[in-house]
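Below: a set of structures, written as structure tokens.
In what comes next, chain A is part of two complexes: it sits with chain B in the first one and with chain C in the second one.
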Partner chain A sequence: MSGPNNGVMVVLEATAGRLSDVSLELISLGKDVANSLGGPLVGVLIGASDVALTAVGCDIVDCYVDFGTIGYSSEMAVTALSARVEAIRPRLLLAPTGTLGLDLCSALSVAFDATLASYVVGLSVDAGRIQATSQLYGGKLLADCDLGDGFAIACVVPGSAVALQLGVGDVEVSNHSLDAIVGSLAIEPGIRHEPEASGVDIVAAELLVSVGRGIGASANLEVVQELADALGVPMSASRPVIDQGWLPKPHQVGKSGKKVKPKVYLSFGISGAPEHLEGMRQSEVIIACNTDPNAPIFKVAHYGTTLDLFDLVPELVELVEG
Partner chain B sequence: MNIIVAMRQLADLVEELEVDSSGTDIDREFVKFVSNEWDEAALEEALCLKEAYGGTVTVVGIEEVDFHQTLHAALAKGADRAVELTGDFEGWIPTRQRAAALAWFIRECDFDLVLTGVQAADDLNGQLAGAIGAMLGVAHASVVTNISVEGSEAHITQELGGGVTSVSRARLPLVLGVQSARQAPRYVPISRIRQVMAEATIEKVPVTGESFGNTPQVLRLYAPEASGTATMLEGKPKEVASAIYDVLVAKGVAGSRKGN
Partner chain C sequence: MNIAVCVKQIPDPAAPWSLDPSTHNLVREGKLILDDSDAYGVEMALQLVDKAGAGEVTLVSMAPRNETSGLRTGLAMGAAKAILVTDDQLAGSDALSTAKVLAAAIATTEFDLVIAATESTDGYTGTTPVQIAELLGLPSVSFAKKVEIDGSVVKVDRQTEAGYDEVICPLPALVTVTAGVVEPRYPSFKGIMSAKSKPVVTLSLADLGLVGAAGGAVAGQEIVSVQKAEARQAGVIVEDDGTGAQQLVEYLEQLKFV
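Our next item is the complex of A and B:
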């Protein structure tokens, strides 16, 4: 096994003929690092075959184009990526934080003894060493770390870079089949299920009243529900509320839920973990109520209050009901 | 059906976290450590699987502050065996080191499934499931929200984001990073935990010198600069409510329904 070259490999995903936003962000981050290292930027596309590959901004694109039709398998992804890493020996691999990135990064770091950093929000090169900034403890702390001078992997948080504006350029595209891999998998490619249609449509709502862990208990939901009812708008929630079974899945905002952009996002007891912010930061106006003045949500909110929601919400209900 | 659940402690995120004098770790002295919430989901799913298919649940983790509380609670909830791996575990333990110790223990066990939390808020060095899977040479999957078993096969549901899920048929054994269990983690009364503390034993297994490879070197740990643009609304609840209501009216999302 030879040592790594100076290339940067980015794991790309595409749906409906276009690269995902986070893929374009990874290309943007990867291109800067590749320029600093003086190596090529190699994209490995996992997904549909109808993407305009001349425009991805990479020097080389390796495609596994069958994933979209075969279905997803974590083991297939790891096996396919391992083969490309083995063949290309990049200096740095970038993957998006999400199911694909979580499935890939730890396993590849063990297989190739690569230095892995998760939750990466920034990357730089200093005297040939790759350095990363990671967002930890639900966004409360940042860590600058040195990933050394060998093969490194960064699992990057979506929204960490400006998506590269793509121009048409020369790109060397090679296609790889998954046929040889599929036959021997312990985890077979899965059957995709779109989210169930439900009565609630939090994406279409102009105002959302959203609750998080700070609500404390299921019974306390009634307090906020009363406000949502008075306003005639749906309730949404962050992951802990959904995982506890206090509200059904279609109400979830965030990475594993829905992305929302209402005119006003009014949140109670949501601290603002990066996965949640990803789903609501595009809202026109964000109003956050959280008793912790250091809660990360105040970094994206336009208006904030540290009042106890149980004191505040009844007052709001009174105003709304006139 | 033999299930191993890898659990761990984590600084309680509800508390304020301070950076210690080295500038590269949190101050561990005064912070409270609690069980990683995703590990609790993994335990719950394991207990549900045991109830459905029989077998055993073994809970294992490395020696950490208050880990006995987590183990005792797991036994009280229905786990059969609690194991604490002892050794040179200090401070902020990289995922690779944790995974190496766990894989060393698990390798000697008879298991069908290894379940652990999908992530932890300080796992800078990657998530546990993929690392354990790679070390054991066992297939793994993350962000798992449902598991059902039929003979030597399982059906696993993974979230792919945006509400899309993928259901795969898979051959046991597997290592799975659990996002959520089929039900919220069960409650166990403190009296039951006390009873377990008096009766049950935690097995201590020493781990020595497992090599774990390259990990990132933390240069600096710090709170992000307050880039916040939030205008803090001060005053009594009535005044703050009024200010919020004014914003809702100005954006045209409240007010028109008044009197309905």
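Our next item is the complex of A and C:
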């Protein structure tokens, strides 16, 4: 096995016929690093069949297009990506911090004895050396790490870079089949359930109405949903709401959810655990409503009220609709 | 059904902490506690063993200074024993080093299943559990929100960004659980008393044959600098005179959201 060349490989995900936002962010980050290193940018698309790849900003895209239809097996994803790493020998692999990316990064770091940087929010190259900036301790600290001389992997936090604007350009697309892999798996691909195909994109919203544990019960969500509807914006939530199954995962803001930076983040009943603040602290304006005056969310909020959300929200709905 | 549960003992998240300016390592003084995220894994393991009708839960942890106070919490919940790896050379370990140590410690006990939290509350990387699985040559399923043992397989509902996957995985395997997979029990008084006499096996890097293979000295990446993330100034809390809602809507109107 020869040493790595100067290429950068990015893991791409796609749903509903388009690359995900974080994929475009990874391309944007990866392109800068690849340019600095003087190597190619290679995309590996895992999981969709009908994405236009003519201008995605990569030099090469390897597609495992049947991934989405076969179902999920981390082993299958790892085996497929390992084959591409083996073939290309990139210097750096970028994957999103998420349920797929964490599986891939963890397994490949062991398989290739690679240096692994987690929760990466920035990358730079100086004289051929790659440096990653990672969030530590719930985003309270930022650490700059030198990723060493060999193959390195960076698991990148969604929302860390500006998504690449798709332009025009040639890309060498090659399709790979998973057939050869599927037969030899210990973990057979399982059935995927994706009930939430509503196209809710909380990352793209300029105003978010967000709820937390303070909502108390699933039935109470309606109160806040009415406000979100009146404003015509999506509803997001902190982890307790998602863990309880009151809202689906795509609505989650925070460390293990999405990182958002809307113009206004309007939060109701969110106390502001560090994991949550990490996902929304870059919002331009944060408005918090929580009955506990000592809730940590007030440390980052620009405006705050300790009014009961069940008093405030209906009044807001009335005023907005009025 | 024997289950090994990886648990982390962490400084109380509510307590103040600091970084060593020269080594960039977290200064962990004072008593460590069981990471809240790990209580879910311990509870899940106890329930699976209960259901199987036989077997036991073993806690596996790596911590400085023979720290066992967090382990005692897990033992008080009902785990049978604990394995603690403690060694001065482990200071400054990165995620892969930690995975090597925990994998070697897990290998010293009998298990059908390894359970870990998807990520620890402090200094998390979220990568250690799957790295452990790779090192042990085990199939792994991450982000489990529902776990069931069915004969020789574990059936998992795996949380994803969009929904969930149904995954069936042969045992032995490693599963990482999300918070909310089960409701952790509070240790009973009896549990707390009996935990004091439950066995805790302490191992060093030499015991695991990992001297020079794991620890701060062999970390793959070098931390060049650490700085505090930009803290946002606290905003103004306005006393509400009954017009709070009105003010808020006017504000949103200015921004043309209404």
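Here, the second predicted complex is superposed on the first by the 199 of 322 C-alpha atoms of A that agree within 3 Å, B and C clash if a C-alpha of one lies under 4 Å from a C-alpha of the other, contacts with A are read in each partner's own complex, and residues count from 1 in each chain.
Just so we're on the same page, a contact is a pair of C-beta atoms (placed from the backbone, for glycine too) under 8 Å apart; a residue touches a chain by one contact, two chains touch by 3 or more.
Note that the coordinates shown come from a computational prediction; the quantities given were computed from them, not determined experimentally.
Undergrad: For A:E315 in the superposed arrangement: first (chain B), second (chain C), both or neither?
TA: A:E315 contacts both chain B and chain C.
Undergrad: Let me test your reading of the model: by the given contact rule, A:N294 touches which partner, first (chain B), second (chain C), both or neither?
TA: first
Undergrad: Just to be sure I read the superposition right, which of the two partners does A:P248 touch: chain B = first, chain C = second, or both, or neither?
TA: Second partner only, chain C.
Undergrad: For A:C105, select first, second, both or neither according to whether it touches chain B, chain C, the two together, or no partner.
TA: both
Undergrad: Counting only touches as set out at the top, which of chain B and chain C does A:R281 meet: first, second, both, neither?
TA: A:R281 contacts chain C only, not chain B.
Undergrad: Just checking: does A:G139 make contact with chain B only, chain C only, both, or neither of them? Give me first, second, both or neither.
TA: Once the two structures are laid over each other on A, A:G139 reaches both partners.
Undergrad: Could you tell me if A:S118 is touching chain B, chain C, both of them or neither one (first, second, both, neither)?
TA: both
Undergrad: Could you say whether A:D32 touches chain B, chain C, both of them, or neither, answering first, second, both or neither?
TA: Once the two structures are laid over each other on A, A:D32 reaches no partner at all.
Undergrad: Which of the two partners, first being chain B and second being chain C, lies in contact with A:S256: first, second, both, or neither?
TA: In the superposition, A:S256 touches chain B and chain C alike.
Undergrad: Could you pull out which residues of chain A sit against chain B in one structure and against chain C in the other?
TA: 71-75, 98-99, 102-103, 105-107, 109-111, 114-119, 131-132, 135-137, 139-148, 155, 186-188, 190-195, 206-207, 231, 233, 240, 243-244, 249-250, 255-256, 263-264, 287, 298-307, 312, 315-316, 319-320
Undergrad: Would you pull the chain B residues touching chain A in the complex into a rising list?
TA: 11, 13-14, 16-17, 19, 24, 26, 37, 41, 95-96, 99, 118-119, 121-131, 133-135, 138-143, 156, 158-171, 174, 177, 179-180, 183-184, 213-224, 226-234, 237-238, 240-245, 247-248, 251-254, 257-260
Undergrad: Under the touch definition given earlier, write down the residues of chain A that touch chain B in their complex.
TA: Residues of chain A touching chain B: 71-75, 78, 98-99, 102-111, 113-119, 131-132, 134-148, 150, 155, 185-195, 206-207, 231-233, 240, 242-245, 249-250, 252, 255-259, 262-264, 266, 271, 284-285, 287-288, 292, 294, 296, 298-307, 311-312, 314-316, 318-320, 322.
Undergrad: Which stretch or stretches of chain C touch chain A in the complex?
TA: Interface residues on the chain C side: 13, 17, 19, 24, 26, 94-96, 99, 118-119, 122-131, 133-135, 139-143, 158-170, 178-180, 220-229, 232, 234-238, 240, 244-246, 248-249, 251-252, 255, 257-258.
Undergrad: Chain C touches which residues of chain A in the complex?
TA: Of all residues in chain A, those touching chain C are 15, 71-75, 97-100, 102-103, 105-107, 109-111, 114-119, 131-132, 135-137, 139-148, 152, 155, 186-188, 190-197, 206-207, 231, 233, 239-240, 243-244, 248-250, 255-256, 263-264, 274, 281, 286-287, 293, 298-307, 312, 315-316, 319-320.
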